[in-house]
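Step one of this worksheet: look at the structure below.
Chain IDs A, B, C, D and E follow the sequence of writing; residue 1 opens each chain.
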Amino acid sequence: GEAGGDDNSGDGGGEGGGGSESGTIGLLLPEDRTTRYEAFDRPYIEDKIAELCEGCDVQYSNAGEDVNTQKQQFDAMLTQGVDVIILDAVESTSTSAWVEEAAAEGVPVVAYDRLAEGPIDAYVSYDNVRVGELQGQTLLDALGPDAEGANVVMINGSPTDPNAAMFKEGAHSVIDQSANVVFEQDVDGWQAPDAGQDMTDAIEALGDDGFDAVYVGNDGMAAAVITALESAGITDVPVGGQDAELAGLQRIVAGQQSFTIYKALQQEAETTAEIAVALLRGEDIADLAPDSADSPTDSGIPSRLFDPVAVTVDNILDTVVADGFYTVEDICTAEYADACAAAGIS
Amino acid sequence: MSKDLAPDPRLLVRERGLAGYVEDFRRRLRGGELGSLPVIIGMIVIAIVFEAQTGSFLTPRNLTNISVYIAGPGIMAVGIVLVLLLGEIDLSVGSMAGLSAALWAVLSVSNGVNDLVAIVLAIGAGAVVGSVHGFFFAKVGVPAFVVTLAGFLGWSGVQIWVMGDEGTINIPRDSFVRDLNSFYFSDIAAAYVLAAVVTGGYVFALWRQERRRQAAGLPTRPTSEIALRGALVAAAAFITAYTLNQHRGLPLALVIFLVVLLLADFMVRRTTYGRQIFAVGGNAEAARRAGINVDRVRLTVFVIGGALAALGGLFYAAQAGGASKSLGSGNLLMNVIAAAVIGGTSLFGGRGWIWSALLGTLVIQSITTGLNLMGMSSEIQYMITGAVLLLAVVLDSVSRQTQRSAGRT
Amino acid sequence: MTATAAPVLALRGVSKRFGAVQALTDVDLEIRPGRVTALVGDNGAGKSTLIKTIAGVHAIDSGTISWKGKDVRVARPADAQDLGIATVYQDLSLCDNLDVVANLFLGREVRRWGVLDQVTMEKRSRELLDSLSIRIPSVRIPIASLSGGQRQVVAIARALVGSPEVVILDEPTAALGVEQTAQVLDLVERLREQGLAVVLISHSIADVRAVADEVAVLRLGRNNGVFDVATTTGEDIIAAITGATDNAVTRRRTRKDGSDSHE
Amino acid sequence: MTATAAPVLALRGVSKRFGAVQALTDVDLEIRPGRVTALVGDNGAGKSTLIKTIAGVHAIDSGTISWKGKDVRVARPADAQDLGIATVYQDLSLCDNLDVVANLFLGREVRRWGVLDQVTMEKRSRELLDSLSIRIPSVRIPIASLSGGQRQVVAIARALVGSPEVVILDEPTAALGVEQTAQVLDLVERLREQGLAVVLISHSIADVRAVADEVAVLRLGRNNGVFDVATTTGEDIIAAITGATDNAVTRRRTRKDGSDSHE
Amino acid sequence: MSKDLAPDPRLLVRERGLAGYVEDFRRRLRGGELGSLPVIIGMIVIAIVFEAQTGSFLTPRNLTNISVYIAGPGIMAVGIVLVLLLGEIDLSVGSMAGLSAALWAVLSVSNGVNDLVAIVLAIGAGAVVGSVHGFFFAKVGVPAFVVTLAGFLGWSGVQIWVMGDEGTINIPRDSFVRDLNSFYFSDIAAAYVLAAVVTGGYVFALWRQERRRQAAGLPTRPTSEIALRGALVAAAAFITAYTLNQHRGLPLALVIFLVVLLLADFMVRRTTYGRQIFAVGGNAEAARRAGINVDRVRLTVFVIGGALAALGGLFYAAQAGGASKSLGSGNLLMNVIAAAVIGGTSLFGGRGWIWSALLGTLVIQSITTGLNLMGMSSEIQYMITGAVLLLAVVLDSVSRQTQRSAGRT
């Protein structure tokens, strides 16, 4: 990548190394209401960049789930003269014009987590459709032999969130093969209380025995769904979420929730940071992004795609805890100590 | 001196007996002074339509659910009604609700503060936030719309900040907040006793007042009217109690909501302070000239509104199973304001009543629940909710048309 | 009684400006107990502005207000009420959304065990209104549906709910019928007999001459003389008001007398 | 001129109810060109309600309104204006947020190439107000900052902006000073001379007797007689208004005459 | 007859010359009649602070970006200003904007309708939607708040439904809609010519009017004032033009926004219709009695508001790079209303001016852009935006305090 505006040439304290040891990397994340972006993605990426490149700055913006806000933040980064942009798009299909603009200024763009359209330089992600498939599959697994012909309630993410549509698509592709979806509702804005109401109304419409499992878009809504089920006295129905939020893991330990989907964010984030720094330095990224992906606008994008993992009570220690995503102390608070002990988590 | 001044001969006095009521009703119908009747009719229509479509709308279980759901938004709507009576608006209720839930969760779950203390602190924080809004509005003179819009943004920032790294915090199993959603007085007696107390209290108060009026030589209502009103209240109360007992009994949430409604209604209609709220909402300058401390009334109403929003936020968290960064965003604000307006409280101040919080949340919740039962896809839900909202108010507006131009002097 | 008691309220050098309009300039006024002081002047002379400064509605720009000899600050209407000043405003200042009873007792509600005592208030409202001979369909209908005169009587009755020492009436009979006007003039005389100080603003020279003891004239925001009613003719007062002996009133009268004298 | 021309506007059997209040019952009224009809009555008698039905503000419940012999429906104020009825309301009905010029020409703006002609309107406003001898700080300040009398004059001037055939004045001089009152009475006479029909509501028997040709009395929402001014005394009219020869006015007069006759 | 009625002796006339202006200004300062000055000062402070913090706030590029961003919300804000002048509110602008973008995209991209035809249809749909709101409000008498709240829900349902299976539709490279965001008149002359036309037109209009006033014998402004005002407008126009030319030239978006502003301002201040809007907003009953067709005014204002919201929606889509199901939801509605209010238009009707749409969107956009440049974390952004919004209005409110109690009569 070429050095951005001359206004930030002095930033890095002017180390030798061909001028590429200083620079600014822009980080654009899509929203701030779930745990992952602020608590994990951002610190992982920032720390890794700091580690790889002492003179580098990270400029961070969070779009709060609004495309136009993100576009403005994108422009602000170009104005500030960043050298590389890491973009986790709110609407990955809207971005081609922006990315072109950045490309015209010689600012490479790394698509993070969501495959942004336009001439991006690299793509690092978990495949969202794959996440949905895994959700569906794990839910069926939780039902075991009863899965064939089982009745499933689906509480999906926001109807206006394109990612929710991908999760939904993936989940359907699996669930529809062997089970029936008897009640399905999209929850505007991923609002947990609304999800809880939808669940209660589903119970009302289907009867206590009218369903065998509940697919929920994320852990936040799963909390409300479980509350609704428990209010109705139903405790033996598998409920699955996504995100591996602490509260979700605790529910899994306590036996309230069957699984969540864990994406090893650290891997994903750090790989992205490495790619970004490499682009900043003008280095080759073939090793870091060995895969190839096609977007509607571009093909053969150097990529690195990871596989998501379904976390159940059985593999918490091997996944989230082993990765240091959460410690046992985080999960096993006083409230959950007994459950942890019972599940052999210590 | 008051020679022939007794009753004005042009005042049409209601005839005694049933005929009088019928005539009175027909006159009101023509004059468009129907009060909450159109909304109540609208709700009955909604209930019938959904029952016909789903067959499970009018089950005790569904009605119980509705009664639990309305508590949170309903309590917030009580605060909004008070603010609307002042002629102002509060756009920050959703953020305040989310902030209060976040504070409670962080204090009680993460920091080990005693549960009830944390609840009190969270509600207190709502009051403090309300007082900040009230200060800027009443003392500094910034329009309430702008103050609470700033609050809407600012407090949800604080909410995210308070939640910190935790996206969601589960409600502990033994927390009182969980009971807000799931505790039921399962003893059959509870619901019936409450119904009896409400009915008895209502009739007694009415009867006491009429006796005092009679003693003072003022016109009184006929005993038949007291009996009729008592019978209506009794019917509503006992049918509700019966229905609730068919499922799991009297929900704690409903009890708290009713207590808030009754207290607020008492405050608004029976105390000097309530009178002052109406006066300020009707004509702030006239209220000031009458010696009312307008700033104080404004400030305190925002404090009460903030505390109620915070309390509502706890109910909302109980429903969601936990506090989160996004709790209280979304359509909550619009629903709460819409509830107050649909229930018959004017946006322009000085006109309305507390019970519109109950009526309005009932209408909105019935629509949502009914559409969910029907399994409508969400975009259709949006459209139908919009249309029904409109219809619920159209009936009222059409009847009011006739009296629209009734100018003054 | 007609002796000059010490003024209960005295204004000295009061000035008030609204934006680019200098509404009052160095106005003096003295109000004495047991006397009716009429305040007269042309439209826009500043009468209402002056009494609003006394009532605490407008803060004064300069000058002093003294109550029983002591300088006081009247920053808010509540201050004036605390002193014992009751004011009937020209625009009535009623709350349209409240009913007659609520308006009458606004700010001075009768309570019983901390709760509004509706019965007592309604009873006293009826008595008050009856004493001013007004017929109002019901004391429980909102002010918005009353006729102009009915509202004005409600506003006047309000001033009597407390127990003021000074009563200020800004054109109280403007909208009133002949009978109600007579009742209000009776009321003014009763107040004077009770030893209250009354300020009466009116455009009716006849009414002023009928009940006032002295007449203070304002013209273009300045004092234009104080007259003793007993020793002054209506013509003198009108001349002081209009600032000329040749004015539309005299012209009209001359014309009438000259042309058609069928009157 | 004083001969009974055919009525330009006639009301027959008009009734109007507000909620539980029967404000008008079977009221008849005839208004003739070149004559001033005074409409008098006690407070709350229904005068304002009656003229509002003519002006299209309130729809009537029953009865007919006929214009030049033809029955018409006056459902909206615009209908009345189209007929040629200009009304000055008791509550003035001005837009507080607009300035004096805008209020004067509201609904009848002068345009030039489709665009508001502010210059012409401002010029004519000044002329109109001058002719009513009112002093207003500036014709460009909002109505909200005018005194009660200044507003009333603005409202009256408004009625003259169009070229009406019937002018209805609801207590036009209530808030006016002596000089402005005289000007308005002059104006009423000028209008009559121009052959317009004028309806004047007033509580001042003196003013009514000075300019009116005939007096229609309303009492408790019903007709209570029509009098020819030339042949009726003020006492008769007051008696018809109050419904009794013994009323506060006569009592007050008797008392005055008896006790202190320094007047 | 008008013997001594010439000027009122109590009216303090401004002295000639500079001293007069200074005195006049000091009087206004004390009296709290500062108009938009506090907001303009607020904006200057914001600009200075952000420039100091980021070093790139005042670069031509950033200022150009801001000028492009404000076009969409600004055009919607013009519609909101009109509705606020009526004393009403429109909660559906965001949904209408989203719907219009969705319609345009589906028609033009998915159904192959000619681009410009699709644009016209989308804007027309906005007008139709507005007329539906207007009908229910003006003719049926449902409060505008409720109607547009129903619209807020209903139309966003329709938007999702129109988008159907397509989550997002990209804007084609050759579509005119893309130009709304990215076309610049890169010829240096363009910006300067526009600046010259604006300044010239302004001064000419002022001068013409003063000449006519002089001819009619009315008080006039001194020539020095005309010169001063002309100089200020010229300075603003040419500095803007110069800045824009430093980057990529005059953005099409800004030109369209200015045209909308000028037309709306002309309509509001110079036509009978504009006068009627103010009258209805100030006192609807008085307007009706003056023979104004109140219903028609209300209906048409909602139609115009709808069309402007639809136009704004296209800009918004251009900025986002495509139409989506969520376009127009989020904080757009609040930002647009806040812009109108911050710019000085009252929520209570009858008071305000069109340029508040420009001022308000500028303030809000400057805050957002500045915070983006600083890379603030989002919860801090929320808090700061809230605080700055409040501060931007506090100055105004405090100065207005002094005239607050200036009651009437």
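Following the convention adopted for this analysis, contacts are C-beta pairs under 8 Å (C-beta built on N, C-alpha and C of every residue); 3 or more make two chains touch, one makes a residue touch a chain.
Bear in mind the structure is a predicted one, so any value in this text is a computation, not a measurement.
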Discussion item. Between chain A and chain C, how many steps is the shortest route if every step has to go to a touching chain?
Written reply: 2
Practice prompt. Treat each pair of touching chains as one step and give the shortest count from chain A to chain E.
Written response: 1
Response to the item:
If chain centres are mean C-alpha positions, then the most distant from chain E is chain C
Item to complete: Could you tell me which chain lies farthest from chain D when each chain's centre is the average position of its Cα atoms?
Response: A
Discussion item. Just the number, please: Cα centre separation of chain C and chain E in whole Å.
Written reply: 46
Worksheet, complete the sentence: Rounded to the nearest Å, the gap between Cα centres of chain C and chain D is 25
Response to the item:
Whole-angstrom distance, CA centroid of chain A to CA centroid of chain D, is 75
Worksheet item: When the centre of a chain is set as the mean of its C-alpha atoms, what distance in Å lies between chain D and chain E?
Response: 43
Worksheet item: Considering chain E alone, which of its residues make contact with at least two other chains?
Response: 8, 10-11, 160, 285, 288-289, 331, 378-379, 381, 405-409
Discussion item. Using the touch definition from the top, which residues of chain A touch two or more other chains?
Written reply: 32, 38, 159
Discussion item. Counting only residues that touch at least two other chains, what does the list for chain D look like?
Written reply: 18-21, 48, 57, 89-91, 93, 133, 135-138, 145, 147-148
Worksheet item: Can you name the residues of chain C that touch chain D in the complex?
Response: 18-21, 41-45, 48-49, 90-91, 133-138, 141, 145-150, 152-153, 171, 174-183, 185-186, 203, 205, 209-210, 230, 238, 241-242, 247-249, 251-252, 256, 262-263
Worksheet entry | Interfacial residue positions of chain C with respect to chain B in the complex | 55, 57, 76-78, 81, 87, 89, 93-98, 102, 106-109, 111, 114-116, 118-120, 122-123, 126, 130-131, 133, 135-138, 144-145, 147-148, 151
Worksheet item: Considering the complex alone, what residue numbers of chain B touch chain A?
Response: 54, 56, 59, 61-62, 65, 69, 72, 109, 160, 165-173, 181-182, 316, 318-322, 324-327, 329-332, 368-369, 372-375, 377-379
Discussion item. Show me the residue ranges of chain E that touch chain D in the complex, using the header's touch definition.
Written reply: 1-2, 5, 8, 10-11, 209, 212-213, 216-218, 270-272, 275, 278-279, 281-283, 285-293, 349-351, 406, 408-409
Discussion item. Residue numbers of chain B touching chain E in their complex, please.
Written reply: 91, 136, 140-143, 145-147, 149-161, 285, 288-289, 331, 334, 337-338, 341-342, 347, 378-387, 389-390, 393-394, 397-398, 400-401, 404-405, 407
